[in-house]
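Chain lettering (A, B, C, D, E, F, G, H, I and J) follows the sequence in which the chains are written, and residue indices restart at 1 in each chain.
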Amino acid sequence: MTRCEAVAAIIAAKKTKNLKWKDIAEAVGASPEWVTSALLGRNSMPGDLAARAVSLLGLDKEVEKILQECPTKGALEAETAADPLIYRFHEITQVYGTTIKELIHEQFGDGIMSAIDFEMEIRRLPDPKGDRVVVTYNGKFLPYRKW
Amino acid sequence: MTRCEAVAAIIAAKKTKNLKWKDIAEAVGASPEWVTSALLGRNSMPGDLAARAVSLLGLDKEVEKILQECPTKGALEAETAADPLIYRFHEITQVYGTTIKELIHEQFGDGIMSAIDFEMEIRRLPDPKGDRVVVTYNGKFLPYRKW
Amino acid sequence: MTRCEAVAAIIAAKKTKNLKWKDIAEAVGASPEWVTSALLGRNSMPGDLAARAVSLLGLDKEVEKILQECPTKGALEAETAADPLIYRFHEITQVYGTTIKELIHEQFGDGIMSAIDFEMEIRRLPDPKGDRVVVTYNGKFLPYRKW
Amino acid sequence: MTRCEAVAAIIAAKKTKNLKWKDIAEAVGASPEWVTSALLGRNSMPGDLAARAVSLLGLDKEVEKILQECPTKGALEAETAADPLIYRFHEITQVYGTTIKELIHEQFGDGIMSAIDFEMEIRRLPDPKGDRVVVTYNGKFLPYRKW
Amino acid sequence: MTRCEAVAAIIAAKKTKNLKWKDIAEAVGASPEWVTSALLGRNSMPGDLAARAVSLLGLDKEVEKILQECPTKGALEAETAADPLIYRFHEITQVYGTTIKELIHEQFGDGIMSAIDFEMEIRRLPDPKGDRVVVTYNGKFLPYRKW
Amino acid sequence: MTRCEAVAAIIAAKKTKNLKWKDIAEAVGASPEWVTSALLGRNSMPGDLAARAVSLLGLDKEVEKILQECPTKGALEAETAADPLIYRFHEITQVYGTTIKELIHEQFGDGIMSAIDFEMEIRRLPDPKGDRVVVTYNGKFLPYRKW
Amino acid sequence: MTRCEAVAAIIAAKKTKNLKWKDIAEAVGASPEWVTSALLGRNSMPGDLAARAVSLLGLDKEVEKILQECPTKGALEAETAADPLIYRFHEITQVYGTTIKELIHEQFGDGIMSAIDFEMEIRRLPDPKGDRVVVTYNGKFLPYRKW
Amino acid sequence: MTRCEAVAAIIAAKKTKNLKWKDIAEAVGASPEWVTSALLGRNSMPGDLAARAVSLLGLDKEVEKILQECPTKGALEAETAADPLIYRFHEITQVYGTTIKELIHEQFGDGIMSAIDFEMEIRRLPDPKGDRVVVTYNGKFLPYRKW
Amino acid sequence: MTRCEAVAAIIAAKKTKNLKWKDIAEAVGASPEWVTSALLGRNSMPGDLAARAVSLLGLDKEVEKILQECPTKGALEAETAADPLIYRFHEITQVYGTTIKELIHEQFGDGIMSAIDFEMEIRRLPDPKGDRVVVTYNGKFLPYRKW
Amino acid sequence: MTRCEAVAAIIAAKKTKNLKWKDIAEAVGASPEWVTSALLGRNSMPGDLAARAVSLLGLDKEVEKILQECPTKGALEAETAADPLIYRFHEITQVYGTTIKELIHEQFGDGIMSAIDFEMEIRRLPDPKGDRVVVTYNGKFLPYRKW
C-alpha cells in the first residue's frame, strides 16, 4: 500500500462515515488543521494519534503504520496549484511577499519565519457584509547565524 | 518618472530620514502592512494619504500622483521568489494548500477566500523558546455563483 | 469512483442518450453554461440539481454525490490549453489584457472583476458575412480594501 | 523612436492633459476598447484616426506613423500576466475553457471563435449588491476546412 | 473507447492491411494530408467519410462515431516536439517567423493567415542533387477588425 | 555596432526611403523572402549583395560587413513567439506535425526535410471568398545514415 | 506491441543471453553505435539487419517489424537528461557551443553540421593517468542556401 | 571592465586585424579550440598565454588580467541555444544520449566521461559527396567511488 | 522487473524486517550513505555486496542482478524536489553557490569538485541548543585541462 | 548605490589590492565562508564587521550601510546555476537527495536541517591521488511541530 492509496482510503472512509475533519480531529486529540494535513499525507503522526484516527475511520494496521512515516511533503501538482482557492494564497505571496519581508526584518532583524516549527489556524469570522476567512500562520523566528 | 523609480525614491528617502515603515504608517494614518505594500508599489493610495506620505518623505508631486494610480500588482521576479523568507510562504501553500482547501470548504461551502477584499497583519509574539512571527490573513469569503 | 471517472460516465451517458448540453440544462433547471461546467467537473451542484442530472442521464447515486463535492477547479492540462479554440481565449487575454485593465480601472477604480461571483453566456449571433460567437463574462466588481 | 517609447509618450500626454480613454475614443471616432488597444500598441490604426489621436494628445508625426504600423501583438510579460485583474481572465479560461469548447461545438459544429475578426465591449452594470463588470467577446465563427 | 484508443486501432489496422495513407485517402475521397490528420485525431470527419474509412480498415461503429466528434487538436507532447523531423518546422518558425510577418503585412496589411480555414499539401520534387520535400500552407487571410 | 543595431538601422532607412522589401530584393538580386530574412539578421549575405543592399539604403560600410557575418539564427524572444501571426505557424506544427511526419516517411522513408538547404515562398492567392496566403517550404530530403 | 515494449523485450533478451551491444552489432553487421541506437528505438533498421538482430535475440516477428518503422527520435525524458553521464554532454554544448560555432564557420562558412547525415564513434583510449573516453561526431556540412 | 566587455573587445580587435582564431591560437601556443573557448570567456588562461593573446590583439593589461580569472562557464542564453548549428549538438545528445550511456558503461563500467579533464578537436574531412565536420570529444573516464 | 520495482521491494522488505539503513550497511560492509544511495537506485553495487544486501532482505536473484547494473542516476521528480528537507539543499546552493565557487577557486585554482569521485557523510552533532545535522561532501578536485 | 553596485565595488577593490577572501575574513574577524557570502551580497553584516571590511577595502560609508541591510538572498540567475562548479552541487542534491532524507529521518525523526541556523566550511584535503575538496554543512535540526 502506498501513502497515496492510504490517503484515498482515508477520504473514502470519511465520506462513508459522514465525518467532518473537525470530528476526526477531536477524536484524534489535536487541532483540525494539523490532523487534516497529516491525514492528507503532509505530516507524520505519533503512534497513539495514528491509532485513534485509524480506529475511528475503521481502517487497518497498514494505514496506521504509513501515517507514522515521514512523508515527502512538497510540491502541489500543477492542477491543484491552479485551483482558484489555492492560487489566491500564491497570489498573496506574489503581491505582499516584499511587504512581509520588509516588516519581518523591521520587527526581528535578518532571519525568516520557520515553516517547520510552524502552526496554522483557519476560522470563520462573522461579518454582516459577508463572513470572512481568517487564516493565521504562527512560525518561530529563525535568525541567520554568523560564524 | 516610472512607478519603479518612484519606489526607489521612497526607499532612498526612508533610509536618509531613518524612518521605519511603522513611523510612516502612523503619519499616513493606516496600518503598516497596507502602507508598506502601497509604498512598495503593490496598492494604490487615496489622494490624502499619498499627500501625507510624500510630505513626510520630502518627495515631490509626481510621486504623489503615481501613488494614486492603479499599479500592476502581480508577479515577483524570480530572484525575489527564491529569497528564503518569501519562499517559506510559497512552501506553506505547497504543503498546506490542500488542507486549507478542505477546511474552508468544510466551514463555508464551495467558494474561496478573497485576496482583494483582504487585509493582513504581521506581529511579534514573545516566546521563551524563541519569539514567533504571527501573520494573519483576513479575506472575505466569496461563494461560487450558480446561474 | 473518482471525479474524473464520474465525468467520463456523464459524457458516455450523454452520447448514448443523444442528449445535448442544452437539453440537460433544461432538465436540471439552470443555464447551459453553468450546468456544462458542473458536469465537466468544474463547479459543485446543489443536491436537487445533481439528482435531476443523474436521473436524466441514468447514472447512479455515487455520481450524484460526487457532483455535490467541491472540485479542484483549476489548471487545464497542456494538451487542452493548446487546443486552437481554447488557445484563442488565452490569446485575447494576452493581446487585450492591458486594455481591459485600463478600462476597468477607468470605470470602476482600483479593483478586479471577480471570477467567482461570476457568470458567463455563450450565444450565436446570425450575420450574413458569417455567424458570430458572442461570449459574455459578468463578474462582480471587487474594490481593493484599505486597512 | 520605438513603439514602446511611442506608447509611453501617449500615456504621459494622456496624464498631463487629464484625458480619459473614453474622451480620446470619442475624438478618434471609434470604440474605447479598440482605441485603447491601439494606443497601448496592440492594434494598428488607419491614417486618419491616428492623425486625430496624435493631434488631440499633442504628439508629433513620428508617433502618428508608428500607430499605423503592424505591431507585434502578442505575449504579456510575466509581471503583467500575474496582475490579479488580468490573471482572473486566464483563470476563467482555465476553469471554463472546456465548457466553452463544448458549447461552441454544440451550437456551431467544429471550428473556433476568431480572435482576429473580433471585437470586445466592457461596461458597468449597476447592481444593488455591488456593480458588475460585463465583458463581451464577439468573434466570427471559423469552421475547419476539409480539403 | 477513447479517441486515443481509436487512433491506435486505426494505426494497427493500417499496418495489418498494409495500407498507405494515400490509399486510405483515395478510398475516403479527400486529400491524404487531411485524411491523415483526421485519422491521427486532429480533425473531425463528416459521417460518410468516417464510414468509408472505418469500412476500409475493418473497424467498428464506435470508431466511426469518434471520428465525427470535435477533437482536442492542440499540443504535441514534449517527446514528439523534439523529434528531428517535427522540430525542423518549429525551427523554421523561429528563424523565418519575423520574415513571414513582414512579408504578409507588406502584401496584405494588418492581419494573419488562418490556421483554421487552412489546407496543406506535401509532395516530392525530384532533384538530381537530392529530391526535395515541398510543403505548401494555404490559409485565408484574416484582417484585423476595427470597431 | 552590433547586429541588432545594424538591423534597426536597416529598418529605419527602409521607412525613411519608403521602400518595400520587394523593392530592396529586386535591387539586391535575390528573392524577397531570403533578402528580408538576411536584412532582419537571420541569414548571412555574400559581399556583392550586401554592398547593393547597403548602397540602396544609404547605410555605411560597417553594416555591409555585419551583413556578411554568420548570425546567431535561432530563438524568437517570447513576445514575438506569441504574436498571433507567428503563433499560427507554431500551431500548425502542433496540429499537423504528426501528419507531416507520417507523410514524409511514407513518400521518402526515414529522414527529414532540411531547414538549412531550404527555401521558402510567400504569395497572395486571389479568392472571391477572401484572398489566401500561400506559404511554400522547399527543403532537401536528408535520409538518416547507417554506419 | 508498442515500440517501447519492443525495446524492453530487446533489453531483457540481451540480459538473459548475456550479450554485449558489441556482440549484437557484429551479428547484425553494422557499427555498435548505430545498432545500439536502433535497438534502443532511436533509428530505423533495414529489413535484413532487423531480421538478424531479432534472430540473435530470439524475439518474434512483431519486434522485427517495429524495428523497421520510422521512430519518434527526439526528447529525452527529464530523468534521463539529468543523469550525470548524459548531462555532461549537454554541459559541453553549453560551455563549448559558441566555440564550436565560431570554428565551424571559420573552416566552412555559414552552415551547420548535420545531425542526420551523421555518424558517431565511441572508443577507449588507454592512458596511464586514467583511460579516456573518445567520442567522435562526424556529420556532413550543410551550407545555407540562398534563393 | 567586465568579462563580457573584454570578450567584445577581443572580437572587435580580431575583426579589425582580420585575424582568424587559428592565427591567434598559433601565436598563443595552444590549440584553436581551447584558445577560442578562453577568448570567448569560457576558460581561464595562464598568464603567459594571456599576455601573448593580448599583445597580438593590441589590447590592454585589464583584458590580460580578466583572461586569467576563473569564469562562470555555464548556461547558453536562450537565443544561442536555439541557433541551428548549436541546437544540433543538443539534438545529438537527445537522440544518442542513451546509446552513449550504454556503450560507455559497456566499455568502462559505472562512471562518466569528464567534461573538465576534457579536450575537443574540430576538423574538416574532405568528401566528394560533401565535406564533413568531425568533432572529437576526449575526456577522462571517472569511475563512481564506493565508500 | 524494473529497477523501480526492485527499489519498492527493498523498501518493503526493510519495513517488514524492521531494519535500519545503518543495519543494512553494516551487513553489506560499506558506509550507510553509499549503501542507502545504492539501494534507492542511485548507485550500482559490486556483486558480493549486492548478494549480501539481497540475502539480508530475503529478496531474490533478480534484485541482486539489478543492483549491479548502472542506473540512470539523475533528476528528482518535481514532488521530491519540493520536499522541505530536500529543498533546503537546493536553497543552500542558491544562496551559497557563488561563495563556494570563489573559495574553491581561491584554494585550488580553476576547476571543480567532482560529484563522481565523491563521498558523503551524514551525522548528528549533539548541541544543548538543539542537535545539529552535519553533512560532509568530499570530492576530488578536477582542474580544467589546457590543450 | 544598489547592493549590486556595492558588490561590484567590493570585487574591484579586492582585485586592485590583491587581497584574498581569506585575508579579508581575518581582518573582519569571522570565517572566510561567512565573510565571502556577506561581501557577495548573500548575508547581512553587523555594523562593526562591515566597518572593518570597508576600511580594509578602502570603500566609503554607503557600502558599509548596504552591507548591514537584509539582502534578498535567493535565486541564482540561470547563467550561474549552469556553471559546472555550481551545477555539481545541484547534481549532488538530485542524486543523493532521497538518501539524505532517509538518513536524517532515521537519525533524527521527522524534521529538516535548517538552512538559516546554518554554517558551512570549505577546506582542502591533501591526497596523493589528487587533493580533495571537503565541504561541510552544519545546520540545526528542526523537528516538525504538532499542534
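The rule is short, and it goes like this: a residue touches a chain if its C-beta (ideal position, glycine included) is under 8 Å from a C-beta of that chain, and two chains touch if they have at least 3 such contacts.
If you're wondering where the values come from, they're calculated on a predicted model, not measured in any experiment.
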TODO: Count how many hops through touching chains it takes, at the least, to reach chain J starting from chain B.
DONE: 1
Open item on the list: Contact counts by the stated rule: is the higher one at E-G or B-C?
Closed with: B-C
TODO: Identify, among C-D, B-J or B-C, the interface equivalent of F-H, where equivalent means over half of the contact pairs coincide by residue number.
DONE: B-J
Open item on the list: What rotation angle takes the CA atoms of chain D onto those of chain H? Round to the nearest 5 degrees.
Closed with: 145
- [ ] Please name the chain that ends up farthest from chain B once chain centres are defined by their CA atoms averaged.
- [x] G
Open item on the list: Need the CA-centroid distance for the pair chain C / chain J, whole Å please.
Closed with: 50
TODO: Calculate how many whole Å lie between the centre of chain A and the centre of chain E, each centre taken as the average of the chain's C-alpha atoms.
DONE: 48
Task: Residues of chain F whose C-beta touches two or more other chains - done: 33, 72-75, 80-84, 86-87, 91, 94-95, 101, 105, 111-112, 114-116, 118, 142
Open item on the list: Run through the chains and report each pair that touches.
Closed with: A-B, A-C, A-D, A-I, A-J, B-C, B-D, B-I, B-J, C-D, C-E, C-F, D-E, D-F, E-F, E-G, E-H, F-G, F-H, G-H, G-I, G-J, H-I, H-J, I-J
Task: Residues of chain D touching chain A in the complex - done: 82, 84, 87, 91, 94-95
Task: chain I to chain H touching residues, read off their complex - done: 30-31, 33-34, 43-44, 46, 70, 72, 101, 105, 109-112, 114, 116-119, 142-147
- [ ] Quick one: which bits of chain G touch chain E in the complex? Just the residue numbers, please.
- [x] 65, 72-75, 77, 115-116
Open item on the list: Can you tell me which positions in chain A touch chain B when the two form their complex?
Closed with: 20-22, 32-33, 36-37, 40, 42, 73-76, 80-81, 83-86, 88-108, 111-115, 118, 120, 122-125, 127, 129-142
Open item on the list: So in the complex, the part of chain F that touches chain D is made up of which residues?
Closed with: 15, 78-84, 86-87
